[in-house]
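Next come two complexes built around chain A: one with chain B, the other with chain C.
Coming up: the complex of A and B.
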């Protein structure tokens, strides 16, 4: 995780101790958040209706939401294969190591299930959806839906622990994937193998500290409430829909390995 | 042994002290709280006293508090694919 080649006990060492050792000072600077007053734009929340045919052929390709947590084996600087072999995905997801809440997930959740055969409407209309020039997705981050497209900036109302600007997040909970004329709806989510959606962390922000003093008339007691909201700003850097052949190849590999 | 999964659906505010005592005995303090009790006559009797306020389900295993919390926690919806060198 660090250029010295071994994991340093950053969380267990106090700040004065870290500052006293020059090699460890970068651990302090790397996680400082910028305390600028945030003035980012909210993503647009309008939902456009499709004019012509829409298909909902994804009821068969649902992954269960309650599944064992994955193991974290990704290391800094390496790029894990976005679609490793089905056997590797299943093997990695079946190892249950409890993850610290302070770190973001490093492997796809939940455990992958064998992809069921694509329905006729999906096989027929997915190429048409792919052929259109612009697409949107409704991604769900911690249960909250965000309707985004390529290049959108997204300001999440929380700081994702353990990420710094430059990290690439792979979004894997998409409920609607659409374009001008076609919409692919999942129930509740579309299978991850249909798309690749990546977001880059471009900033970690915080607003000024809000101080509210609560006091009633003719009573001397005061309560002070402090609040400082933190935000993570993402930019949707990639939104790609895969071909039917690729999806079915994945299904075949999964069926062979299981 | 099977368990009753009891969820407090309606609050006990404004109800007689006896009823609120039964909710307290079951361990229900807030709305939508989930508690587990063995499926035995004494707990069935308590449920009957507050049957209009609770939702009950019979389950084979009692979940812990963390498991109940994990059930209602949504998925993060992302995973970190590439990290810059820290």
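Coming up: the complex of A and C.
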């Protein structure tokens, strides 16, 4: 069975010849993608990464290192696989910033951080905080703080690579957890065992095209710069504060297993 | 007098409970004669089946539109449409445009300066001069 309806001596055809026919160029790209797993569905999955970004606190269900990076197996230039598997998406999403621009690397946190002993004020007031009827949280995504409540729509200032609408992100950098009368502040972040905060990616929106015309006086030459930014839009779908007993039980279980 | 319930209109918050992709249909129009549609023809033959398999929520139709440039038209849940002309594009470029249409909502592109859009009343309440810590002069 062949897509073009006739047998093609692919091995005997030279690469320049393959590339010269636009339809056949697809055969070069697809020969790499068939080597990898078939394309997966992307409705309503939960992705967890061990990246240093603010998306998850739990350990990865899919090991990023096992997924081959697209560029290593590509035989034609640097074309990435247009239909990456979920593992490949996670691997690609977790390594975005070139090494030279990075701050000193922080290792991802698959090993749980030991829980600091809870202070008296936390033990006494966390149940009161939980009991109040509405809560807000200040989540940090790529370092930027956003004060959100449950059900809010959050438009990030850029497009996050590696996510598609329907993905559920677990936010693990929270600096303030509050209600009407009580506020829990982390220094700088609250321990991840205190809460569960999830956001669903609901779309990738764009802004109207920005057109900047650059022209100097008494010079007829003009340069036009066009730019259209894309933004990932999230919906905060879950915001749960856990009890003191659950937090300590979690920490004890983690300490026992490590 | 009989007690009446206060009417409350439910407000849609996509993603809060269930998530529904806003793009419900994508039309791919191609032409067998036009040179600008060569990339689109290649896309339909080789890339579109995989794209369609990855997007099971989206209805995908392929139809010829003779003597015209190739287009992708997205139909959205709010009843609006977005069209992108993909003349003279390579199959992978057309895939990018198809993904843009699939991931978008039907709303017109607009600049949004505030990151957070919320319908909930403020958690800490509106400031009042009679409550809280008094200002000591």
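Here, the second predicted complex is superposed on the first by the 146 of 258 C-alpha atoms of A that agree within 3 Å, B and C clash if a C-alpha of one lies under 4 Å from a C-alpha of the other, contacts with A are read in each partner's own complex, and residues count from 1 in each chain.
Heads up, the rule we're going with is that a residue touches a chain if its C-beta (ideal position, glycine included) is under 8 Å from a C-beta of that chain, and two chains touch if they have at least 3 such contacts.
Quick caveat: nothing in here was measured; it's all calculated off a predicted structure.
Legend: residue contacts after superposition of the two complexes on their common chain; A:198 is shown touching chain B, with no touch to chain C.
Within the superposed three-chain model, A:187 lies out of touch with both chain B and chain C [touch as defined at top]. With both structures placed on the common chain, the touch criterion links A:154 to chain C but leaves chain B unconnected. The partner that reaches more residues of chain A, of the two candidates chain B and chain C, is C.
By the document's definition of touching, of the two partners only chain B reaches A:142; chain C does not.
In the superposition on chain A, contact of A:243 is made with neither chain B nor chain C.
Shared-chain residue A:172: touches chain B; no touch with chain C. Within chain A, the residues touching chain B in one complex and chain C in the other are 3, 26-27, 30, 79, 82, 164-166. Across the interface of their complex, chain B is touched by residues 1-3, 26-27, 30, 65-66, 70, 74, 76-77, 79-80, 82, 104-110, 139-143, 162-173, 198-199 of chain A.
In the complex of the two chains, the chain C residues touching chain A come out as 13-17, 19, 21-22, 38-39, 41-42, 45-47, 50-51, 53-57, 90-92, 95, 100, 102-105, 107, 109-112, 115-121, 123-125. The residues of chain A lying in touch with chain C in their complex are 3-4, 22-23, 25-27, 29-30, 39-44, 79, 82-83, 134-136, 146-157, 164-166, 178-180, 200-208, 230-231, 234-235, 237. Per the touch definition, chain B reaches chain A in the complex via residues 71, 74-86.
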